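Please find the structures below.
Consider the two complexes below, in which chain A is the common component and chain B and chain C are the respective partners.
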Partner chain A sequence: MSQVLGKPLLRKEDPVLLSGRGRYADDLPVPNGTVHAHIIRSPHAHATILRIDASAALAEAGVWAVVTGEDVRRISDPFLIALKPQINQWSLAVERVRYFGEPVALVVADTRYLAEDAAELVQIDYEPLPAVVDLEAARSPSAPLLHPEARTNEISVRRFSYGDPKGAFEGADARVALTLDYPRNSFTPIECYVVVAEYRPHEKSYDVLANFQGPFSTHAVMARALRVPGTKLRLRIPPDSGGSFGIKLSIFPYIVLAALAARITGRPVKWVEDRAEHLAAASSGPNRITEIEAAVRKDGRILALRLDQIEDYGAFLRAPMPGPLYRMHGAVTGAYDIANVEVTNRVVLTNKMPASLIRGFGGPQLYMALERLVQRIAIELHLDPLEVIKRNVIAREKFPYKAAAGALYDSGDYLRAVELAVGNGRLEDLKRRRDVARAAGRPYGIGFAAIVEPGMSNMGYLSTLLTAEARDKPGPKNGAISMATLNIDPLGAVSLTADVTVQGQGHATVLSQIVAEQLGLKVGDITVILELDTLKDEWSIAAGTYSCRFSPGAAVAAHLAAVRMRDKLAEIAAKQLNILPDDVEFADGMIGSRNNPDNALPFGRVAGTAHWSPVMLPEGMPPGLRETAVWSPPGLEPPSSEDRVNTSLTYGFVFDMCGVEIDPLTFEARVDRYVSMHDAGRLLNPLIAMGQMRGSFAQGIAAALYEEFVYDENGAFLSGTFADYLVPTVGEIPPVEILHMETPSPFTPLGAKGIAEGNCMSVPACIANAIADALGVKDVRLPATPRRLHALMAAAEPKRPPPTSRGGR
Partner chain B sequence: MRRVNPDERAKIAFWLNGRRVSGEAEPRMLLTDFLRHVLGATGTHVGCEHGICGSCTVLIDGVAQRGCLTLAAQAEERAVTTVESLAGADGALNALQTAFQKHHALQCGFCTPGILMSFTDYFARNPNASEADIRAVLGGHLCRCTGYAGIVEALVEASRSGNPAA
Partner chain C sequence: MKPRKFAYIRPDTVDEAVAVLGEYGDDARILAGGQSLMAMLNLRLVEAAALIDIARIPELDTIRVAGDKVEIGAAVVQNRLLAWPDLKSRLPLLGALLPFVGHFQTRNRGTVCGSIAHADPSSEIPLSLAMLGGEVVLRSLRGTRVLAASDFQRGVLTTAREPDELVAAVRFPVAPSRHRVAFREVARRHGDFAIIAVAAMVEDAGAVRLGVGGMTGAPAIRRIEMNGGTAARDAIETLAWDLEGFEDIHASARLRRDILRRIGPVVIEEACRCAA
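So, the complex of A and B:
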């Protein structure tokens, strides 16, 4: 019987944050003698660095050093990546720059103001090189090469085939094909990157504070770059972080850079990224061109899929890229029961900022293609798009369902979710609104999207990038390890640490609920400490907060630690109460007999026994109260020899539908009504879950209608301020009706799946479908800005497509 | 008006949340940097330094201002009010803060101080604000976590409580 778990409890994090008492990275005290860094960045998309003359800057009082790529190359190694040929990247540009905003030199001075002054005195001569910005152009044999040693910009091509796609295409009633172009964007946390690094010369070790988000597999990448064992790179994560959304993985090159600067100057070095730097160079989701084709039966049943996915990772491939191409790989068939699939994945480099982690991570790109295709199937076969969805979704009785490319979907009832969402008059209402608008001459369309939301990545998924033979050499990679440690002190006070990084989700509240539930305590009795120290806390490579790993991962580890602690306390209490451990009940701060409420002891008394009176413990029981649980779910196997991979542990479901009206005068797309149905298994805290869905929805709207990193044909960056890169304000976010159902995951003890990424994946596709329906067009580019919609609607005028994140036209 | 050389530090004094404070700064130092790094008042956050995100919003003589577009010297002899002033001495949240917690109007909390300060000013002048008014004012702030829905709910409730900023 659940007491606190599953309840919409208010967040215990809030009073501190609402009072201005948060402890974000830039709020924390720094060591005495800390000096401050400013980064000089490339003004070119592609150029050779001819000369860096720092003498005038170094002559200024208060300037400690000007660190260049040559310094960095001498004392550090390039970052490891998942691919050969090695694409060398250091924490500063070496010999040439490859994107606008690339770090070229680091000026270290007594204050940030002085460092920025001194930066103006550093003379850097460049010889510009031709830049390649468009990803299709980058594949051409005549394209300028970003990394001549790789001899190509298309650095990886992998083809996969599951089932019999060739046969299915040959025998199909029809083929439906579509080409999609997904843009570049980010979710720009309001707090930028912060690093404070110290070097201890006698130990040859680095001690770094940074608002890094994980995954901690990247710790190994940083330690290798610094040429130290992992224990010589102590990484500490502050208690609060001002948002992340995947973006704060990409602080890692700056962690290494600040560490090297600390070693060079002999002083602790602090660097705080500013917004201009963040927009130009922090991190972007990759843009992708997808050619997708379906083999279909006349009734709309999809027999086979063929995808050619070309993804643009910018100037370097950073670990763990090309994740977005492979994180969804096992689930490439989405919510549909499709046995035959052919996939080609291409990794392309261009003169743009490197792409990396971002909420949704490959999902928006995949579902934009898949869900737009499903609509096209309906149109070309003269069917209702909703019918096509219903005819193809995986039937309830097929779960657990093994998808063609290897994902093992844990649970779901997709058809019921769809019917619940369209029911209650919701779809009729949308149709009525559409008919009224159209009768008045206003373009109005209805869109749908049905998507599967993976939770907790298999750490081996990226190795699908390599051939089976290449994978064999280093040995298999797989699994996803979560850890949590529960402590009870001699007075019975309970504290928990876990391997997540705080980004604002409310994990401390949910973890408190999990522990309180087991121990019969109040949520307020549990102290949760989520600042993380790689030398003192429990972690493994999967640690961090990303890819919806909290509910299926760290939360389960905390649950297991609490169960183990409960069992231990029950045994201690049973001996003192003279009852059987199975008869012990934990409730209201007491531990006692289930059958005799008078036979009970205070929680703190029982806990204290383990510290003060080992003599009273059951025979063989170790004293003390500290339990570290490791949750490593079975089922996350390495990619098979046929390249099938179960990319995640849990798979939730989202079904969206919306009505979009396009203003015939301003060409603005207005979301008239939006309904989003979620099945994320069991909800651990519905209030916090709702917050995740609303936030994810807003980011989906941002990607669909507003945000894009834009470059011109020469690679000049055109989205350098928040006046150019349009983050939606309250006025741009429409209301959303969020619905729920729960089919608990049988693969985790808590039954909870991920929930924070689904709408990032579904909303762009759903809105694109509505716009296509409104305008009767096949090709909808996102973000669907008034300028783009005008270009679609005002076909009579000469077309002048605006610059895009592919660069130029 | 006092004249200060551009490359010299000068003493700047004002009232911060009712207390007399002072520190030394170059004339070019931003108010946000002065609050955070000279005075140690880190509740005011810096999100964009070009006046768009609103995280740095503080009150100067009771009026909401972007701290990142204000020089510390411009606060000389004035009353600056920041998020640290809102809760009671015992830590008790005021009506506005309480509504934010109740409606899950914050996640990472980084933009929150700026929003709280904007509405501390706005509600003081407009005790009976409509939802449309509230949305218009909230349009001066960027939040990346919440999608704003909870923030609007919290602000509407605080507005209806009659004394939101107390």
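So, the complex of A and C:
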């Protein structure tokens, strides 16, 4: 049936990108007279700003302005956040700095070189304050306060209870508990932030080009900060992107900063973030401490869970934070059928860079706790960990499955996925490899992880942060709107726009497949334009590319627009062909009768009718060919009065299994074999899906073994270059065997779920489990570096030999 | 990450380069491959009134066999040496360790002499020069000076080079016979700064020369007698404590010592096996 949809077509984007013809933000032409900005950043983790003297810098030729926090406070408002008390943050530090790398002043000059030279002449006096870096220490009543007006660093605590956790714990055969400490890391796109901002004084409006990724709910935050209506902040997103991985949401304070600088200088202002700035201050996933406990039956069946999740958002809470703590909320029980759950969520501030969304946000932290706990249950009850997983996963016949905290899982067959993955001798092979290694004295362990991968967030999930009463005041928040617009010109050329931002995923290819499928055209016939202009294009608060919203969201909107267009063309053609619309077939660029192939018209001819010959259209049909479809799936309801929330529309499944060996000479963890089983519903383009899974796997490996933002106890940042923040390269990424099955989602017309985040969520937990198994330890900190593994493995050091004559030098 | 203003000077001959260097002295930096220098300039960690670019001086772009030594000019990039057909027979240690120097892309620009002049303690090429007992040829308006490797590198990023001197070439003694070396490096990722680098070379039937990079300011070289029993292990244990090891976010000093204890004997054994 399917002509092009579901086929592993090559990405149509690639020839452009691979031949160096990409149009990235920094490459695009800028308005005449554009000046360049450089940001002076805090060298302290916590300090009072006593004085900023920019006179020497301003005296330099070519320097336009030195913008400070006081300027920004005067002409803009603090960014809105989801919580009260308001934690005030402007686009530059006001009165105090709260993390290393925080923007303190902006130097604007004719060139970036001049701006950086002038920055050295700006005198800033600080009075250092005690910093608090450790998450637990920050909760102590005696800890230095990040925001004295909040009177605490633990700015939100919410407790949730579903089912009867208390009863389940009391009646359980055993309890198994574990404390996890998930590290801070990020994913570093090749392209950093870019903003070009103009101010139009006559309209009092801002016109900004930025590689912002959404969600566009943040557009309102920026407009409010700039004190303008949304229409006065025209935001344009460039056609190509050097990657994002969630990071490019957090460009929004810089968009406001550049806009203000444009207003102050009267010139268009361009700012390009450099790599040192990016590592120190762009964005990070939050680190999280989880205390998790299960009530279990002797056979390993989990009766109840209790989680205390303490998450570190750094120095400020930025919109839409604390997303990672709540995005998984409805699905907090993961892949398991657990009716009773108690969750405590705590939001804590420390003197670190603000944390925000990164690929898979909230998932790695949750599954590190849940999947490590499942292994502990097996160990403490003397069971096979795989058996514990199998005994607890949701049974096929229970779908659609309502999870305890409110998620409505659309489809799945988890047990079959597990059986397929361990089958074909794969698990036997892993055990054989383990036995050989152990016999030779090399530590080797096997790990598993079973996770649920949410796709397309319910825009109301974050309001679970507030109590039901507090939610009632502003009214319910929910849903997840997607939009796409299909155009056909008088010659029959087809173009599509959609409310996604390009980040390199190959969306143009998949959208072309969706449209071509309906219209009987070739993928190459469809032009997809994904650069976005907030004044002219379709968008809503949910717009953007994040949380796997493409396949369940934007793709569906494109499908609906294409179906509607097809129906219209069918009616037009039916009249001309003298047949019924039901008899119309679209194939090979022709529109004709299914029953009589000779009775057909070229696609372009039919399309032209709608433009040139309204007189020939069926009675009452509006002329022109432009269809905007809005997809707003039912089922994404606001959080209930009992705090149950269906956090996402679709829920895929990933089951991972791996063998990890620890080199006894060098203490390096080496992934010996990795198997990853996916069910993401229907695959729209298996080749692109494979690319997403491999990328996600690589970043899972990065989090498990390499990447970490490291601060010392005073808040000094120790991982400020790529020599210290270790992004694994192709040489460090082990092979992965990816397996598939498809249980289409019944909740979307295309049946496709999200796929790009699952391995980011599963790999850290799976590898941690393997390492725990290899070393027989309970506490495994990630990334599992040689330094950490050595600390776990090393016996007492031999005594220093007495000094002797040192011959042979 | 933009450098401060500097003058860019590209002399055509060594004499010219040395003359300019004599004029600027400490205020100038020699630019060859720029793989460390440019990053440091961009981060404004080093100051330079002038960069003297020697990369295109033809007389420096030579690999020459002179007697029992191989002389490598200051413009020779690491990949060129790696591709030199006689490398494995004449300088097997360099053949073994050059693939660990940075990445293919950085080796296309980074020079052999630049690595020596930069004197990073974890760097492989200075380790090989020290292991082989090579020499550094320094040119200035005052003439030519030849220093032994052990006299040249003094510590972390510090050498005996005077401000007006150009590292014009390095000389590696040719290996007396083939296959008598072994090399291992432990780094977090391929191409990273070594946490520890260990080289071994069979000197004669009874002894091995062991070189360790990454643990102290300059490569450490020891002669280890192989008179059976635990002599080698004892010598490595002593060496581990002598060197102590750096402490950084990637490895504790203790971890460095423990890796040395474990891979030291392995590398020695590999070298002996090659020699057999």
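By our rule, the second predicted complex is superposed on the first by the 795 of 809 C-alpha atoms of A that agree within 3 Å, B and C clash if a C-alpha of one lies under 4 Å from a C-alpha of the other, contacts with A are read in each partner's own complex, and residues count from 1 in each chain.
Here is the rule we go by: contacts are C-beta pairs under 8 Å (C-beta built on N, C-alpha and C of every residue); 3 or more make two chains touch, one makes a residue touch a chain.
Keep in mind the model is a prediction, meaning the values are calculated, not measured.
Student: So, does A:113 touch the first partner chain B, the second partner chain C, both, or neither?
Tutor: In the superposition, A:113 contacts both chain B and chain C.
Student: Contact-wise, after the overlay, does A:55 reach chain B, chain C, both or neither (first, second, both, neither)?
Tutor: neither
Student: Does chain B (first) or chain C (second) touch A:140, or do both, or does neither?
Tutor: In the superposition, A:140 touches no partner, neither chain B nor chain C.
Student: Quick one: classify A:26 as touching chain B (first), chain C (second), both or neither.
Tutor: Only chain B is touched by A:26; chain C is not.
Student: Is A:467 touching anything from chain B or chain C once the two structures are fitted on A? First, second, both or neither.
Tutor: Neither: A:467 stays clear of chain B and chain C.
Student: Quick check on the superposed pair: does A:785 touch chain B, chain C, both, or neither? Answer first, second, both or neither.
Tutor: second
Student: Contacts for A:424 in the overlay, against chain B (first) and chain C (second): which applies, first, second, both or neither?
Tutor: neither
Student: I want to verify the contact counts: of chain B and chain C, which reaches more residues of chain A?
Tutor: Answer, by number of touched residues of chain A: B.
Student: I'd like to know which partner A:596 touches here: chain B for first, chain C for second, both or neither.
Tutor: neither
Student: Have a look at where A:10 lands relative to chain B and chain C in the superposition and call it first, second, both or neither.
Tutor: In the superposition, A:10 touches chain B alone.
Student: Just which bits of chain A does chain B share with chain C as contact spots?
Tutor: Looking at chain A, the two contact sets intersect at 113, 274-276, 723, 729, 731.
Student: Which stretch or stretches of chain A touch chain B in the complex?
Tutor: Of all residues in chain A, those touching chain B are 10-11, 13-15, 17-22, 24, 26-27, 113, 187-192, 240-245, 274-276, 503-506, 687-688, 690-691, 694-699, 721-723, 727, 729-731, 733, 735-736.
Student: How about chain C: which of its residues touch chain A in the complex?
Tutor: 1-5, 43-44, 186, 188-193, 195, 221-225, 234-235, 237-238, 241-242, 249-252, 254-255, 257-259, 262-263, 266
Student: Quick check on the complex: what are the chain B residues that touch chain A?
Tutor: Residues of chain B touching chain A: 26, 28-29, 36, 41-50, 52-53, 55, 82-84, 86-87, 91, 93, 97, 100-102, 104, 106-113, 116, 135-136, 138-152.
Student: Which of the residues in chain A come into contact with chain C in the complex?
Tutor: 112-113, 116-117, 120, 274-276, 664-668, 706, 710, 718-719, 723-724, 726, 728-729, 731-732, 785-787, 790-791, 794, 797-798, 800-801, 804, 806, 808-809
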